[in-house]
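In what follows, chain A forms one complex with chain B and a second complex with chain C.
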Partner chain A sequence: MKIKILIFIIIWLVSFFNFSFADNSEKVDQISKNLRCLICQGQSVYDSQSDFALSMKILIQNKINEGKNDEQIYDFLKSKYGEWIVYDPEINKNTVLLWVLPLILFVFGAILIIKKVSIK
Partner chain B sequence: MVKNIKLISVVLLVIVSFFILLKGLNKTNNYSPNLNSSKIDFNFKAKFLYSDEETTLYELINDKDFSIINIWASWCLPCRDEHSFLLNLKSLDKLNIIGINYKDNEISAKKFIKELGNPYSKIVVDPSGVNSIELGAYGVPETILINNNSKTILKKYIGPLDDEKFAELKLIIKNEN
Partner chain C sequence: MLNQIGNYSLYIALISSILIIIQSPILLNRNNINVSGRIFSLISIQSLMIIISFIALIIAFIVSDFSNETVYNNSHTSKPLFYKISGTWGNHEGSLLLWLLVLSIFLLIFTITSKNLSNKYRILTLFFQQIIILGFLLFILFTSNPFMSLFPIPNEGTGLNPILQDPALAIHPPILYLGYVGASIIFSSSLAALISGSVNKTWAKHIKNWVLVSWIFLSIGILLGSIWAYYELGWGGFWFWDPVENVSLMPWFCLTALFHTVLILEKREMFQSWAVILSITTFSLSMSGTFLVRSGILNSIHTFANDPSRGVFILCFLFILITLSVFIYFFYQNKIKNNFSKTYIVSKEAAVLVNNLFMMFFLSVVLIGTVYPIFLEVLNNDKISIGPPFYHKLIVPFMIPFLIFMAIGPNLNWIKDKINKINLQQLLFFILSIIVSFIFLKRVGISYLLSLPLFIASFFLFFITIKDFSVKKTNLSQKISHFGFSLFILSVLINGVLAKEYSSNMKVGDERKFLNKTIKFESLKINENKNYQSLEANFKITDKNNSINLKPEVRVYDQPQTITSEADIKSTLYSDNFLVFNILKNDGFYNVRYQIKPFMIWIWISIILISFGGILSIVKKNG
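The block that comes next holds the complex of A and B.
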């Protein structure tokens, strides 16, 4: 039993060891999944193998190494390439319809259902 | 009568969607957003093609009134086409042409310049493509016109220069100041 516990503890510690030594490539993946590849639109930077996307991944890695957080990296890219590069658009006067329309449709649908049910 | 209305509406729908799609064919499918800030805040370090020294963008663009940053590569065919326009622009005295050699092999890059002539006053290399992204570029070829005094981007051309863009570039340079 003691041996089992010992083995368990060792494995547990080793897993932490791995964790702390893992580079931040996961972070790069996470950010690049939220970015639109501007050369091959329809793919994310993460999926794409174009020169643009490959450089972009290096750039993100560099920025992370510099100690920039996600928000700063997104802001930097937005200032260079515009709002279009991120998959998650901000609410402004151009995108307000995009955000509000589903809500309107939802409410409209709910009204329809309620009317139908109450008629019965 | 009801049947007729159905038929007419289907035919109308087909015709309308045909023309919408036809119109869409003429549109360029490469969407490029309007830049909200044309101020150059990029500050990159790059090595020269012909020496091992490092330089920054601010050092590169302090010579004359205007700078053109042209991103090129020897493997890029459209870059060959636009090269004659760059050679032509070289004759303008207010203009400083800077080349960024994008993801290229040093030997073939030098061969390219030797073969076609050198329009650039300075050439820096960008082996990883990161500097080009710092500039907000998409790929090769790309041409950025900068006003050196106000440090702003005046115009950006994605893709090779042609007669139309060349004329526009000259006009912008002539009318500024």
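The block that comes next holds the complex of A and C.
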């Protein structure tokens, strides 16, 4: 039983990390899906046809052509437009609670249930 | 005229509300069956008055009575009749009146259908429900009155946002509200049951119907909203993790958890406190949803007219209700009769607890993701955006164990089951799902390390739920809903993995190659319609065997002036062909976006199946 659970957890962790580092679609699309169109209401740069979004896509394409990687492009955009532009907030001291709080709640709930149920 | 009728009837409703609140504590101490007669007539009068005021507003919209400010701001004589009517609730004031209408009608239904329950419980429920109604009446009359008069009377209105002029969106708010407001009855009755010391099997049996009704309406309401987003917003997606969408999803998670808990409560009289907490939470979430949407602090495509003072009122009201319920909970909690029965680790009860754990986790992800940016901005002025990547990263990995538990859980017995019953059959299905997922992903050409576990889990649930139709132990409605859910997950996954998209700037006569298809921009024509002009394009998509024509439109509405893109979608059982185009500034060129969305229709069908399971459960019990 224990081994089964262990295997299960390992598979799960592997898949978790894979999701976080997934990258298999086109780069511009990939990046622009992660950006908020600043002049639209709640649309991503990818989905928007506004002038802002169109010029943003060209900008990203240029940056890629210059040989910049994703990290550098995001950093550039963040320094220019602020953290607000990315849909996928990175973990820093402002957002650590955002990422961790749901996980803490899950663990807390799981402990409550384990205490409540009897094995035998 | 209509304004006066509306106003007066709302004031009469307000007076009856105050009368009921004053009278109910007095009646509570008398054990006379007839006491509820007096309250019943007051409730009937109240509902009648609110219905009259609502009809008055609808008529004002139909006849375009521009002496009414709400009508002036949201309607126009050239609008089709259907959208004049739906315009009634397509704005802030009218939608609140609709909330109120549903509140009072639900209360009336509750009063009629609860005759065989204890007097104390009924009157207490009425009392709490009246407090909510009173709050909404005050809110409507003093901050968002739909019956404000305008003088001099304007000749023409300013029109309804064209993006809202759509059949799915016309009925989306009422359906969603039925779900939200159903939660209010659950809230009131759980507090009443707590005070009267009757959180027991009888209560569970009674409240189960209300939970189901709200849950069904909420599911269908969310479905309509996302169908609308799919074809109207022109992005080809159906869920955007937009704050306003999230707001409707939160009570859904809560209701789903509550429904499963109530089943246990009904059968084994366990988890009473938890059921009460969930009931309170569900309604608080519905209310805060209204607050968040109405106050306009959310940055969303859905934000319509907003005004901070309204937000403050709802916030205070919400605060009072939550404080009240927390207070009542801690004061009366010891009245709950706990039968101290054990929960064994392998049992249906434990499975429901696990279900609740996951529901609460999903809820917390969505809740925290939605409100975190607001708090962060208030606290240290940092603006951050939280979008799809955040939700996917947190929810998707937890989906895998959740789906597997969901496959195993419903097959467990009550009280105590044997471990070795996780049997050969299930193991075989598990191996089958590994093989199927492996072959599927290999053929599609996706690096399988990523998605393999997720596909295995969903195929496993899919096979098990199909197999369960042959088992007699559980009931049919549950099987349908669970099967619907597995179908939903699978369709979403396949849709996500196989969707193809092509985007290009084209002019009339252009031809483009995409995969094995040819996209030809054949023609463009201008149509005149009653309240808009449209630019209708004709595209021909040809592949080896056949060809289809897609005719998307760009519409220019004049009242108010807005441009919308209407996608053209051809659905088949296998996939949707989705095409939308936009006007570009350079002459003659249009931005064209063509998408192939496999299994799209199955996403809608599966949600209908999920809801249908719920409907069946209600019908079966009463039939």
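The rule is simple: the second predicted complex is superposed on the first by the 92 of 120 C-alpha atoms of A that agree within 3 Å, B and C clash if a C-alpha of one lies under 4 Å from a C-alpha of the other, contacts with A are read in each partner's own complex, and residues count from 1 in each chain.
One rule holds in what follows: contacts are C-beta pairs under 8 Å (C-beta built on N, C-alpha and C of every residue); 3 or more make two chains touch, one makes a residue touch a chain.
Since this is a predicted model, take the numbers as computed values, not measurements.
By the document's definition of touching, of the two partners only chain B reaches A:Ile39; chain C does not.
Legend: residue contacts after superposition of the two complexes on their common chain; A:Val117 is shown touching chain C, with no touch to chain B. In the superposed pair of complexes, A:Asn62 makes contact with chain B only, with no contact to chain C.
In the superposition on chain A, A:Phe52 makes contact with chain B only, not with chain C. Touch criterion met: A:Tyr87 reaches chain C, while chain B stays clear of it.
Contact with neither chain B nor chain C is seen for A:Asp75 once the two complexes are overlaid on the shared chain. Of the two partners chain B and chain C, more residues of chain A are touched by C.
Once both structures are placed on chain A, chain A residues 41, 51, 82-85 are touched by chain B and, in the other complex, by chain C.
Against chain A, the residues of chain B that register as touching in their complex are 29-37, 41-42, 102-103, 128-130, 132-136, 138-139.
Residues of chain A that touch chain C in their complex: 8, 11-12, 14-16, 18-20, 22, 24, 33-34, 36, 41-44, 47, 49, 51, 82-89, 94-95, 97-99, 101-103, 105-106, 109-110, 113, 116-120.
Residues of chain C touching chain A in their complex: 235, 237, 240, 242-243, 299-303, 342-345, 350, 353-354, 357, 360-361, 364-365, 368-369, 372, 376, 380, 382-390, 392-394, 396-398, 400-401, 446-447, 449-450, 452-454, 582, 585, 591.
Of all residues in chain A, those touching chain B in their complex are 38-39, 41, 50-52, 54-56, 58-59, 62, 79-85.
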